[in-house]
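Sharing a structure below in structure tokens format, with a few things to ask.
Letters A, B, C and D name the chains as they come in the text, with residue numbers starting at 1 for each one.
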């Protein structure tokens, strides 16, 4: 085996819109010092899907400026144009169409419709509306949303190819705030559930995967680490660790080794 | 690089009693279905140090029975005889001496003196006493103890080569209960701090490493997973993930991306 | 002072739809052994607002059966008819109108539109729709919803007199799962924020109040305690404790007494 | 009932060294602005036992200076001289004897032997030694220690009249870090277990009581609140809330109301 990291054996691919991926880590491309750092961190992460804020990143709009696709070539990476910065369904739909044009008919997009500039929480009703429009228009929609299990199911029913609940506010690094919600979403889903936003460190990524998520998308946690390239590698391992632990089936928690039965929830706590 | 898992580059070895290790995961050898499963899980974990309960495991005491060293040969693994099952300083010291004899002068031991059979919590005063005796007797003592920062420092001052605070009770799988204690122990130490006991899944191992621990020792979390060999691999990646995240320097937590300063502790919680 | 529990001095009333209350604990009336237990627990809780599931409780629909209003007389309690069991906006609106009729023009209602019978999570789009209809129809609407800060603000803008985010699923007793969301909702609100659902014990209620919530509504945590009347009293004190702690301004968290500055979020955890 | 706060009915007193108390909140007397604030906060707390740092507080050593006993008269409060600031067993023993002399043969003392000036963690071996000496010398010893269940039991066996494990470092306000340890200590004890140190707000006090502790001692959380007198009242209610909730028997945690069985520990978290 040339690369023994390779954790997603033939039998455990992530399948999105019919395409199989061996990596379950999706990364953003913003907030890096320069395109070279973007390239090196993306490489170290092992990611195969990279997301790009169409409104902030040159992927061809400005022919005379540095183009992200020069360092993250579509031959190697699946591009995932996103609608970061859109606050209405209309804006988000328009941005997706622009990306499709720039990328020669590329159908895979990440939809986000933000509800406010402070928390960057999604606007759920507008997200539902934009998702309906985009799905009808032939897009393969991966959709950022809150961790509301009912809404996540609704987005799946609309026809989104992946549902991406937040772990915590975008750029917060707080880690998964509501594990029971994520678990409910996962248990109830037939499309991939990918935690999007809020992961701060490698153990957060592992926890998301241990809950049964199909993948994690992150940007700030890598780009704002002191050493982004090393953190990208940490996240790569964290995703593998969590996925393998999920598949391996963890031991039950108990108060003592000698306890005859697992603990039950009498003690409160984070989760 | 033949094996791209290899996470502990030349510059980041774990050094115990003057010996360098590239793996920071130490594993126990008990509770497996059979010796073959022990062998496969140990192999998948990437561990270089394996601990052995001298009172429960045949490492030569019974020449006609299966010997653990046949599947975990000292040529490949550093054996760490431990005193599991000892409830007095005398018993623990005697057990270490027996191990040294059986293993031809082997000096490295893991000391544990238990305080009670239910919780398997250490008896701290007896542990201090046994540690003093063993250090004087020329052993290289790695010592299991509670997560009390003062006691951990005391054990270092006695001359132990590594201090091993528990994360939670042995065999509980509860994960790290008191992160602030572990952090205080790490910050205050000049010998390796290795979390011993209480880890339940891969993210727990990653968290220990993110707190700055030098390694993690575990047994039940691997042996009692549904698929021990896959969990061993998960733990291997979890340790690497946590170590790299620690070295990479995580982003600060903040409530929002737009927040100008990191959060401060107004909201209570696990830690 | 006749009753020294009285925690909400003249200067700190809870005001809902123009009416002042001294108690910040709202209680449900279901799940009790009998009406006498309902009466005793309601009394011990000190609550002034009691919520009633119109579809399950006799408040006059069946003139020949025991009537809840006999033990919880409107002269003493403000009745809060709720739409528990409604899964569509239409059903919820119809139920509110029925309650208004039965209660001679009573305008105060608690709206809940459930999204699924398993999790009892709200259906947020249907909730928004029903809220709009009810507000236009002259109701004073207190509204159960998810802990999504954007949706909570939207419900306030629609004209709801109080917004009631869940702490955890109805009847779960898990306590507040996402403290940051509750905090964001509170900081952003100009109507009372009342945690509804998920509280399991007295400290959960205190935590909700310490986050700045204006009140807590609960039912199962009291009715399913081993001693519901004593738990009702515990909750009464928990609400007072949390409110007073919020108003008193807690000390900052720090790692040590000698630390010169409060902790910042480097250690992950529940919150 | 004159005072309906009175939460500890005739049947539920706290008994320490044969004396019954109706309040389960014990308070410190340091860190206040002035003696008048000390008096008002102590009064609002409802505490009947107040602890005094003999080495820092004038309880008669300096006849011409303000005396704490003038505002907290022994006729109303049980004084609990403590050995704060002592780093050796000898110092602590000497300080207790000084207190006994100053207070005319007063036998009740709170022993603390600190291990280091930064964390204020106890020196457990020195604490055990001082406890033995003081018990032999006829003192009624309440003893501050770490949350190690084995050590707590040992201190009880030595003859201490109450064992006082820390929740978190003195003056940290971090709340209970290791709920399982506190629970194990409580389950295993036949003397009162009183959480000492680390409580930051009212819900922390409630949680300690819900775990089954017999009382809580605190100082900084009250004295360093923005409004110490109001926080003292908050703590009074928090203690009552937690005690009543403990006695009332909380509902089990479950993921949903419809779940047929309580949750078991698959999701990790603070506790």
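In the analysis below, contacts are C-beta pairs under 8 Å (C-beta built on N, C-alpha and C of every residue); 3 or more make two chains touch, one makes a residue touch a chain.
Just so we're clear, the structure is a prediction, and the values are computed from it rather than from any experiment.
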item	value
Of all other chains, the one whose Cα centre sits farthest from subunit D	A
Numbering shared by both copies at the subunit B-subunit A contact, with half separating same from different	same
Interchain centroid distance [CA atoms averaged], subunit B/subunit D, Å	34
Subunit C and subunit D: spacing of chain centres that average the CA atoms, whole Å	33
Centre distance in Å when subunit A and subunit D are each reduced to the mean of their C-alpha atoms	47
Contacts with 2+ other chains: residues of subunit A	119, 169, 172-174, 179-180, 184, 200-201, 203, 207, 210, 250, 252-255, 263, 265, 268-271
For the subunit A and subunit B complex, residues of the former touching the latter	3-5, 7, 117-120, 169-174, 200-203, 205-207, 210, 220-221, 224-228, 230-231, 233-238, 240-245, 247-259, 263, 269-270
Interface residues, subunit D side, partner subunit B - complex	115-116, 119, 121-125, 128, 146, 148-151, 153-154, 168-169, 172-175, 177-181, 184, 200-201, 203-204, 265, 268-271
